[in-house]
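Heads up, the next two complexes both have subunit A, just with different partners, subunit B and then subunit C.
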Partner chain A sequence: GSSGSWWFHTLQVRRLRVQRGRRHSDPLGGTNSEDQRPSLQFGAAQSYLSLEKLGEGTYASVYKGISRINGQLVALKVIQIKTEEGVPFTAIREASLLKGLKHANIVLLHDIIHTRDSLTFVFEYVQTDLSQYMTQHPGGLHSQNVRIFMFQLLRGLCYIHSRRILHRDLKPQNLLISYLGELKLADFGLARSKSIPSQTFSSEVVTLWYRPPDVLLGSTEYSTALDMWGAGCIFIEMLQGWPAFPGVSDVFEQLQKIWTVLGVPSEDCWPGVSLLPNYKREWFHQSEPKQFRTVWKRLNQLPYKTEDLIQRMLKVVPTDRISAQDSLQHPYFSTLPLPVMHLRDTASIFKVPGVRLETEVRDIFNPQRKVRPSLLPNTKCW
Partner chain B sequence: DERRAPLRTWANACGPIDRWQPVEVDEPRMAPVKMEPERKWVHNCPVILSSSHSGGDGCVEQTALLYPHGLQSLHSLQALVPSLLRLEVEKSLEALGLIWDRSYAWDVFLDIMRTQTRNMLPNADLPQHFTDATRAVLVNWLIQVHEMMHFQDETLYLAIHLLNCSLRHIKVTTANLQLLGMVCLFLAAKKEESLLPEVSGLCYLMDHTYTKHQLLRMERKVLCGLKFNLSYSPPLHFLVLLASVARCSAKAVWMARYLLELSLLEGQCLVFLPVQLAGAALCLSRQVLQEPQTPEGEAAWCLASSIHVGSETVVLRIMHILAKAAATAHAQETCATFIKFSSPETLHVSRHLGLKNISALLGVCP
Partner chain C sequence: MKNPGAAQSHRLVGLLEGALLREARLWKVPVFKNGCIQGADISSSQHKEMILWLGETSRLFQFCPETFALGVCVLNRLLSTVKAQPKYLRCIAFTSLVLAAKINEEDEVIGSVKDLVVRSGCNFSTAEILRMERIILDKLHWDLYTATPVDFIHIFHALLVSDHPHLIPSIGLSSGVGDDSATDLGTLSTEPGHQKRPPGFQAALWTRQVQHCMACHQLWQFKGSTLALAIITLELEVLMADWFSVFTDLLKKVQVDSAEFIHCKEIVDEYLHSLEFSLPANAIYIFDSAQIQEEEEERVWSPRLHLRQHKRGRRGDGEQSDSDEYYDGFRRLYNEEMTAGAEGSAMEGVFDSQQKDISPCPPLHPALN
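Here is the complex of A and B:
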């Protein structure tokens, strides 16, 4: 009855303000027990020492740090809390998604520290990311390493996609690379799980260069194909040493880059395309699809199956794009030792005997190293 | 072309609790499982059987056909049902928009079946000062706020789930219960919604009884208490999935949704798995509505029933709780759900006459 809801306050039922129990008179003790904790605990700010700033993420700053509990290096992602929104929704989604993901190719969230005005995610420390790795080794990576990185990227995507999660912000900066060559998907700030049919997302996801044509055209019917396009672009970038579609400023320029290679989609191959918000009639007379190897010259030096897999990933029509699951079965990966196909979720690909990174042919940190010219990828194209 | 992922069987994929139960042919409810219409689904063209068959008669004939073959055909039936079910589940998940695309449909289904047990509460015990009645008042208010904000349905189920979990992990005084409820709704919205309310707006809705600072402190407390684990498969997803596989009518779905939302108000329902609540709500909805049966409808229902939702006893227990709640919903102070589901858009299900003598239907005294 209403007598039981004296604690209840609404605009409809205005009541006198009720004296809330003071903290110290609270018989249940509140959080006082936490004050007696020993100083070095998980979840406590003083357990980590911040060393240097690594960069700015989408909604946070990232620092390199060290755990005073076990001496491990960690990455500290510090998120500011604002009074009008509280903990940012991106942080909530990232943390709750990562809590449920345990996979060798997904970055590991060790701990969360929550203070009054900031929130710190403590991640495993991973030495570098794919962007830095490609800067260190310009002109395209060793083809075997590209295969190992792609396999891990697709393995990670397959894992999250089968849990109805899209990453939505794939780019080399978000792919962490350990000293062993382990690749880990990071930055799930824009990721989300599917739960709401008819939900329209803002179309401001995915860095422009790695954004698929359907999203650029303004489609909001996202699917796992969104991440597959990004993976395809990263594939090219690793081989070429240069982004596949380095657009400059706006969506139309970005689309133009894509049409130059893949041709403008017609109503015949993609019913409904001309109804998408950013579709332009004047595109109609433009370029025919080109052979990938004529655009990205490195493909000329590689077996045909490499080009074939990329072609399946970079399809203009999203429903034509290969899934992560199927792409792992592609002959491109048949040169990897068979056990890589049957790994436990948490087992790294490098646990399989025979899987190791090759030395890259170029290394800006070791420019003196002698390199056989025949190993150098064709660099004219960029 | 071999698959990379090791093929998981129904049984080991769902863990001990969700193990798929083999179809028991001797059980009368299962009797209409028959080959002919099932094959039709495989070809994706549900055709109405020749009109001379009335539903019941058709079933008996088909069942009789099954028996002479003895165990052998039983095995082939058992082997057949999971693959049919898989196809139906995949089609339904896709049609309902619960997945990004078809290729991962079955993985997603197994994943939500598995992970729901992770979020299960061990018992329905609430902190002493938080009685079932108190809880119902709070949940009822959250239902109103949720509706006013035009949030998605998933947000409501998540909010109540967070509330149930928070009550076990953090200590709150009675004076702060409303604040806790609001924070749970706020967090659920942050997880699910595109448009978010501002903290000051939420304080306004609580008549400025609490300051923004208090709200943020509670948010921190809840997130720490839950260790940031906000993932949850809402029972509503299982409900629409089961209903789609079972080819339920729109009215049956609305009725089940009404009953399912009533379960949020019932403290006793805390211990049940989302799929159990959904299964029971749908079962009860069918019993209340007593819609005319077709052989196709019955076969589809049987197929949906083979998604293991728990023991018969558990489902019956939930049905009793829901039946009692539905019979008295109109007279309660906590009637937000009753009012919500009396609208024309929801086909006036909460005012359905069948709900009045629902207890008699189940053979229970209220």
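Here is the complex of A and C:
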């Protein structure tokens, strides 16, 4: 909550200490004081208790833990250090980028414990993530909650994009959700600061379902529009209750899914598209663009501006995609109280009176709860 | 609809402010006293040699200029934070570059640490590098992502292009900072009357200059933002008559102390000038014609060298004839006649992918290594 961020600021002025075993071999020698109090310090492993395992990622395991310094719940991301390669680049990027990011919609890095064989990042503890939240509330989320989540997602993206940082791995699992409904971007392991001249990026970055067509086609000149496509896919998924372009085996099937809805791009609308590595000429005779509401039926029940914003995010041509900054100004968000547009970076949207999550219509943990059929998303009319 | 130019400019100013804040928070260089880094036995020439070596190593690994610049920032911050012994200097420098690469480069570019050590020709053990990595991360609190002089070059360049579109014929197109509007600006260049130049060309040139300056111990005492502004101002003076208004505009945005700036600019001018004539007298180089095509972009140096030389020629008449001869030689090396007719489109790809390889030298290699 809000007290957490204040706590963090005071934490920052304290010197990070790491216990070092073999002092005599320190080549930089002479700068350490000798007081090795066993007391609880930031940067020390004994300052945190591990409670339960929350998950396993590609390069780390995440545990729920508690800080013995101040009793706060934390998430401990334990990263194995490969003896040959040292600290993984994902960890270095994540930590060095997060060090400079202070925003209500970006997960907070409290502490780093670095020993010879392992590395632990201590994050603020956030109760759940969007993937779990959607599993708990199947069949599409409450439209007001979707708006609140989308606003926070775009606010976080606007913040990092203005610093030339791309997330590059947006997916529901990486969007943490607090009990209040605060959404926080997490897992910056694949993020990097986009160095300013357009560089060549690795195309093996985004999880396939949330990967934009330009990257699928093999373009490596991508930019902030990459994250905007992912955000658009997540938008649909929250409304529909299932992924926008789900689960297929390879890049070509994934592209096929996209063409089915958006149509195959032509040289006219996207000069150079046919030169991209994964472009196939036989696509040309295929599908025309469809209206989103005929594909994703929930849109039929919502005001037109919802579909309009999604259309601006899910543009095939990357340069046509709306920016995070512009999307926050879209009429879709005009029903939120005006002060949400003028928040300090570190202030949560829930500080604004009138912003709160609605109770979701379906809840698998409370199946008994009586719900009037008229409230279910599929039958509800706006 | 908002004016896209204004929105672009606004975004760039925001970017600049962010970079200045990061620089203010993290910029730190060692203090020199009696020719040595204060508190350590590392001399300024050892330090300079190390940065030059880092530049060569970075190019060898095909890292981008940003990675080299970040590596140097990490090295300087560490040297100003701890007392380092000279015998560890190379290991510290190398590890700084590895860390910068882990932040900046794609993993397939980085390669394994062991491989990098072998290619660098050093005889560190992997364990040494990894131990040093831990020390650097701990000493710098994992806070490595700073704004480098190269970042400022690109931001200033984009600001110039965005705020002064009439400069596009002289300084080229956006370097990619404003990705969204870069295409808008891109279409401008195809209008008749605009001299075509490859996008990013001027920025790449300035990047190269700033890389040189980072090895000069009088110059890395200045912040990256000041250094970048000095380099760009020197160029603007040459390129345009009304440079002063453009310059004051930038100066206001950076809020650099003007006395410090003037001092920095003088040193940059001297230093870059000294480099232009610093081909070692006794070095033997073999002209490698096989490389001339793949490194075609290197000739972007010649127009600038040319302009600067003319300016200087006017100052000192004695140099005039010598320098003409000198530049005739250069022109032939760079095959300039061909350049004049070259179309931007054919060269764009070359520049996008290879701008990091721009060197003030034509493709030469030493006779013996």
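What we mean here is this: the second predicted complex is superposed on the first by the 337 of 382 C-alpha atoms of A that agree within 3 Å, B and C clash if a C-alpha of one lies under 4 Å from a C-alpha of the other, contacts with A are read in each partner's own complex, and residues count from 1 in each chain.
The rule is short, and it goes like this: a contact is a pair of C-beta atoms (placed from the backbone, for glycine too) under 8 Å apart; a residue touches a chain by one contact, two chains touch by 3 or more.
Fair warning: this is a prediction, and the values are worked out from it, not measured in the lab.
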item	value
Partner chain in contact with A:V87 - subunit B first, subunit C second, else both or neither	both
Subunit B versus subunit C as contact partner of A:I364, first or second or both or neither	neither
Partner chain in contact with A:K99 - subunit B first, subunit C second, else both or neither	both
Of subunit B and subunit C, the chain that contacts the larger number of subunit A residues	B
Touched partner set for A:M341, first subunit B, second subunit C, both or neither	first
Subunit A positions touched by subunit B in one structure and by subunit C in the second	18, 26, 28-31, 81, 83-87, 89, 92-93, 95-97, 99-100, 112, 114, 116, 162-164, 193, 195-202, 223-225, 319, 323, 325
Of all residues in subunit A, those that touch subunit C in their complex	16, 18, 25-31, 81, 83-87, 89, 92-93, 95-97, 99-100, 112, 114, 116, 162-164, 192-193, 195-202, 223-225, 319, 323, 325
Subunit C to subunit A touching residues, read off their complex	11, 14-15, 18, 22, 64, 66, 82-85, 88, 91, 98-99, 101-104, 106-108, 110, 112-114, 126, 129-135, 137-139, 141-145, 151, 154-155, 158, 175-177, 179-180, 182-183, 200, 203-204, 352-353, 355
Parts of subunit B lying in touch with subunit A, wherever the complex brings them together	1-6, 96-101, 103-104, 107-108, 111, 115, 127, 131, 133-134, 137-138, 141, 152, 154, 171, 173-178, 186-187, 190-192, 194, 196, 198-200, 204-207, 209, 212-213, 215-217, 219-221, 223-224, 227-231, 234, 237, 333
Parts of subunit A lying in touch with subunit B, wherever the complex brings them together	1-2, 4-5, 7-11, 14-15, 17-21, 26, 28-31, 43, 81, 83-87, 89, 92-93, 95-97, 99-100, 112, 114, 116, 158, 161-164, 166, 193-202, 222-225, 319, 323, 325-326, 328-329, 341-342
